[in-house]
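Below are structures written as structure tokens.
Next come two complexes built around chain A: one with chain B, the other with chain C.
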Partner chain A sequence: MSALIKNPFNHDLPPLEAPLVNVQLDGQWVKVPKGLNIIEVAKRFGKFIPHYCYHPKLSIAGNCRMCLFEMGMPKLDANRKPVVDAEERPVINWLPRPQIACATQATEGMAIRTNSKLVKDCQEGVMEFLLINHPLDCPICDQAGECRLQEYAYDFGKGRSRFVEEKVKKPKRVDFGPRIILDDERCILCSRCIRFAREIAKQDVIGFVNRGSYSTLTVYPGRVFDSNYSLNTVDICPVGALTSKDFRFKMRVWFLREAKSICTECATGCNIIIGSRENIVYRLTPRVNEEVNSHWMCDQGRLGFHYIHSKKRVTEPASHLNGSLFPLEWSEALRTVAQKLMEFPPSEIAFLVSARLTCEELYLVKKLMETLGKGTEIFSEIIPRKGVADGLLRSADLNPNTKGAIGIGIGKEGRRIEELKNKIRAKEINCLFAIHENPEEVGIQEDILSSLSFYVWQGLIPGPAVHKANILLAGASFAEKSGTMINIAGRLQKLHKAILCPGRAREDWRILRDLLLLVGVKERVFEKINDVFDAMSKEIDLFESLSWNTVGDLGIDLSQKLKNRSIL
Partner chain B sequence: MAKAEYRLILKHADEPGYTVDIDCYLSHGGYQVLKKALAMPPDQIIQEVKISGLRGRGGAGFPTGVKWGFINHEKNTKPVYLLCNADESEPGTFKDRQIIYKDPHQLIEGMVISAYANRAHLAYIYIRGEFAKGAEILEKALAEARERNFLGKNILGSGYELEIYVFRGAGAYICGEETGLIESLEGKRAYPRIKPPYFPAVLGLYMCPTIVNNVETLCHVKHIVEMGGAEYARIGTPNNTGTRIWCVSGDVNKPGYYEYPCGAITFGELLYEVCGGIRNGNKLKAVIPGGSSAKVLRADKKYKIPKKKEDGSTEIVEMGLEDIPLDFDTVAATGSMSGSGGIIVMDHTRDMVECLRNIAEFYAHESCGQCTPCREGSLWMKKMLDRICTGGGRPEDSKLLLEVANHIAGRTICAFGEACSWPVQSFVEMFGEEFEAKQRKESSLEILEPLTNRTA
Partner chain C sequence: MNATEKDLPQLEESFIEEAERIISQYPVSKRSASLPLLHLWQRHFGFVSPQGVQWIAEKLDLEPIAVEEIATFYPMIRQRPLGHYQFKVCRTLSCALAGSYEIFEYIKKSCKTVNEVGHHVYVSEDGKFSVEFVECLAACGNAPVMMLNEEEWMDVTQTKIDAILNHLIREKRKEEF
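After this line comes the complex of A and B, so read on.
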């Protein structure tokens, strides 16, 4: 399997059938796939060749000249046989000129020097050149702390400037698109953003104007760089030239706590890093997963997290009585819910559950339904969300865990929403438990909800008819919980808790666990999310023989199992 | 008496009554060689060009036959393109324009033959944007040639088909670098391509095999086919065959273009006899032998030149600038190059720091800006020279200039990196004392006087 997005280039992934060749890397003979570029060759053996313009997923530009290295080929005699020295080692002919590693591919017998005197001189030269006209506004630059210019200046530069002339002045605050600001003085003209826009986002509207040191990055007059993937340029920009309007000046990056997770804005499940500080999420950035999103994510997913800090969020359990909201203790709220659920005959209870819940949460819902049902099936449904697949990353399914819901057996992919509506109207269903869904969204409005005898709402931001809920349970957002989801391609992936829930809100699996305890399932008490997963893997054959720890940071492919069950 | 010119390429160019019309060209034997060529197998023409020893006249002196041999016609399945580099922008060079403005059909005939040899059916003349009139002349000449079936389908009944188009350049020096030229022709900024992998003969125009040759080079092909490669090789000296057009500018009495067999004339003969000596009876100070990017040569310096002896061995002989023969190899042995044939002469009144400043200004303006060392280094050197020339020099500046230049040459995408650093390296090395004098406080005051030496 390969990434759901089709990268035009994969310089870091040589074809599997590529034969191995012997290359001499800083004096050591090693075997590498033929044709692999020298930056990647070095990387495989723990050596770092600094680079700016090279990106494994973009065409090779070769313009920054940071990756210069010394190259040699075996010396051949008249019969084209390698000449060997006294110790039978091939004699190397070193080229007098340095070569760029990003555009050089490994061939048999090639010799590589990554830190010779010449290489160091080249690196010092390029660093000096890049800095002479650089504004050095690190103190106010968002990139500071994750800036390749800072890092390489430290690692490969001379540490002082010999430039006494006046610097070139360029535009400082260019509107580069609805989500990006460009500082042309910081731009090192590596053309990564241009190549990304052209080759991946397929919106070829940015380029350079003017010449020489006055070269300036700009957007084509009359066009805007508004691709739904535009913010990836901010990630791949090695310096602080491109900044996200959303994140700009909000937080110094070295204060950000990073948690590995996945994006929950659609069923692709792009792998991300959640950057937070003191329980506030400041940004999401893509995390490389060649099976899913490669290096990228869409802007909608990236910026879609702000609702988690909404003032409208329910942050404590509460009850509605005569139109007013009363905060409750968790124990009281949960006891009331459990008691009520047990009072209704199973056929009168319905669960409206979100396909944005994790597998663990869905599994606990399922267990709760089974316990309450005592053999009778309890009505459950999910709310489907349809968008348009864009051919890149975004999928048509906007729920991140539809496959998980189907696999665990919650709902019928939303086909029974009408039935639910009618059953409430007909008072066949008298108790509704909505988990992370607002029934209003699918036309179950106040009037219908009024027919219910008992309505529990659990979630983040309530809908307009929430006053119909007897009990409100404050749940957790994706950034506040750990768990797993199954993406559109059948990949089981993990979320990791990045921040604590606000107020007295709780992780949903804990809420559900406590309800289970209260309705009488006491054979096992789940302490950690791992326990829930491991129990799930024993009971639900889709997860058979998996454990929390075997689902690594990059997830596990369940597509075959899902296909066998006609879920994929 | 000055040695008489040997005009092969410019044979008719300045003849009274010779015009750019096709009838005039035909009445002087025009397009006869094309007929001969079309009767030859293409590979035989390539063979003749190889035998002729023809070296490119665009600057690098690369053997044309070898270049043409890079395309494997047996394996190649893509179209082949021939591009005529008529961007002529190297300061000091004005030979191609003589051909284009005065004898366009010679170029077209040379191109049709070359295209035929290289199995190209589409060719472009990439002409310097500023040569507006030249483009017009070429358009008209191409139309005439098309009308007479020297172009188009089934040329002269041979079954060979070729179209040539004129493409006006984008007004930048870098458009003359062959891969920049190709990008420009494709409608993009003339950003030179990285080589490898984009060698024109492999991945050229539209990623197809492409031959790029200079205007003068393509004209020579016509004469090679006419007289045969071996006969042509008798003009000039071994490895330095044929004639060259030397463009002399600067402080001589008779600047101009002069055509001689390679090696047939020395710098001394050219400047003192052909060009009537140094202006105002001044003393020769320095010569830039091959366009502004070539390293400057000092008139009072001895150069160590390897000479082949009868027995095949080489010995090193010392030569003054004036005794050096004008060819490819001897000029290269001085450490400079005969490049595009643009010879720029400076007399003893010239301020060498000012001269370098002038050159550096050109290169800072013309760097395409794609790769870091050239983009940043070219402007840095220009700014340093501005400062030195306006009284702000510091003793450490010479060394810094050299170090900056050394950080550019050999580390860039295209040979512009050398083009902008060689002048700096050579001026500072050859005329270090002038730089030092300017960088001393007391002398910097002198420089505040009007800069009489600066040509406009």
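After this line comes the complex of A and C, so read on.
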């Protein structure tokens, strides 16, 4: 598997060359790859073995005992040949004691019972022990609603406790790191976070001290767990012991509406779930995609969404006249922009486009440029953003859709920014359309912008020189629009609209579509994002033979096509 | 790391040599030397300080949390200094039946060990005495049993404790002169 992040373990993905073995699963003979973990064997056939400490991407600890199952092996005769029954199936010898599924691998003839009397007794017993010291603070616990302890207590527990003694007191509200709070009493000692820190985040500072009745999860005194991947421990924590400082006490998880999308903080394009309620995004969590981010995402990406609710955001179209901002009707704003764009000769117009736009938006920009250019090429450029790749998920390119911009033919990867600056200064370019970019960011300051005759700014949060803009168009953030982006490995992935645009802001593709109509492209009216994608797939050969519906939740690999065009 | 190195007590050449000798006994995995080194440190300094954990971890190329986990698992590895005179009272069945809990309370009262520094570990204000519970000392026939530092006392009674304490106080006076 070619995930961008290298997992140290992949218990759910056995090697492709593993031979198949026959395994009896709850009386049914099935074929599974040899060596596959029993939890995964059950999962493949719609059975569920409850587990806490087992995680498919971490080492096996085997300490929660929740995945106990009944195991049998083929009965052997005196010549060590399997004894077979009338149907030529091996007779099973059941082991008297249960085994842990996470540390057992499938072998030929193995028999598994996931819901026998013994297994149920084990599960009830383990649940009862786990609940002994667990505080009953579900009503104020952030994990409630997605808590494995709650779920398993309901599904596999006894339903009542026989415990009459005092619960063990442990530290509360421990500062676990800059982004995490630990409640030790809620911890069930599964050690997932410890193994994550050691094996993936490579910051081995967490451990259990005072092992025994008083086992306590702790960060080594004087150290902090501040890895850029630390918040993944909050995800993998099966209970509410680790909570995100950013999300805790903000929203009950069952109120969150979940939309599948991708992270737009860097070019890796980690698959995410946007959790929102009533048009406010509360959190981003990683969505499993073995081809990209596996189960993880970085803290920067996870916490980087707050700007979309910034008070500084432009939420209605407006015009600047003599230094003051006048709200406009969309139709009027767009009419002015379209008229102005058509007044300038094509050589005097420049588009400063963001590589954070979706492919559909970039395609519409391209179409707009082609229509305005009437054969001559209009200057366009993207603003490059360089970061530092960390060898895990963070990529050196901080624009999520650079490959898409190149593929559609917008800009030259930011190599002509200086040229743009000089051209504006020399008054060779008199009309600038900045889409989701602030020219100030690349040194096109107020003085340079003053020499423009017409400046349209479209986006979210304006820069310091926005008063130079004649027209402001309120665009949409990544959570407010659907579309596709191409990540650094050449994977085309979908964003889905999670919330509505604030105020009178509009999805950028709708703004661009209306501009296209006003400058005279009338042959096709796009009603839905699907229409834009399908039109794009007909006109741009990179997207040939694709349609909106064929791009699934996990995206489509375009790396070969991109390589053929030497974009990758 | 530099800061903690500065905090380290001046280690004697012989101590470091001994540590190296212990580590050399575990050629397959240095990690296995953690426990012997913790014992060495405790023998030398009386307890394992955070600096000790740090030093051992660096010596064994481990993260300090790994050594901390071991150090906190064993109650006999001390995280803080205990009293000059350490009472260890057995609380396993025979001794418990023979009244070791009463003995424990009596020692606590007589030695004014008021500060609880761990689970059932008490130290006196002046740091002279400490008292704690331990598990079986293997002299059940003579329960209740206790240890005073490295010395075993059997058939302990309150009078015996009074006698011991009087003796210790006399000793202490002698030391002072």
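The rule we apply is simple: the second predicted complex is superposed on the first by the 564 of 568 C-alpha atoms of A that agree within 3 Å, B and C clash if a C-alpha of one lies under 4 Å from a C-alpha of the other, contacts with A are read in each partner's own complex, and residues count from 1 in each chain.
One rule holds for everything that comes next: a residue touches a chain if its C-beta (ideal position, glycine included) is under 8 Å from a C-beta of that chain, and two chains touch if they have at least 3 such contacts.
Given the structure is predicted, the values throughout are model-derived calculations rather than measurements.
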First, second, both or neither for A:E278, with chain B first and chain C second:
neither
With the two complexes superposed on chain A, say which partner A:P221 touches: chain B (first), chain C (second), both, or neither.
second
Using the superposition on chain A described above, determine whether A:G212 touches chain B (first), chain C (second), both, or neither.
both
Using the touch definition from the top, say if A:D204 reaches chain B (first), chain C (second), both or neither.
second
For A:E17, select first, second, both or neither according to whether it touches chain B, chain C, the two together, or no partner.
neither
Return first, second, both or neither, reflecting whether A:E88 touches chain B, chain C, both chains, or no partner chain.
neither
Touch test for A:I100: chain B only (first), chain C only (second), both, or neither?
first
Just checking: does A:E527 make contact with chain B only, chain C only, both, or neither of them? Give me first, second, both or neither.
neither
Chain A residues touched - chain C or chain B, whichever exceeds
B
Overlap the chain B and chain C contact sets on chain A and report the shared residues.
207-208, 210-212, 214
The answer for chain A against chain B in the complex is residues 60-66, 68, 96-98, 100, 103-104, 121-122, 125-126, 128-130, 132-133, 162-166, 168, 188-189, 207-208, 210-215
Contacts from chain C onto chain A in the complex sit at residues 50, 63-66, 68-69, 72-73, 119
State the interface residues of chain A toward chain C in the complex, per the touch definition above.
204-212, 214, 219-223
Complex contacts: residues of chain B adjacent to chain A
172, 189, 194, 196-197, 364-373, 375-380, 383-384, 387, 400, 407-408, 410-413
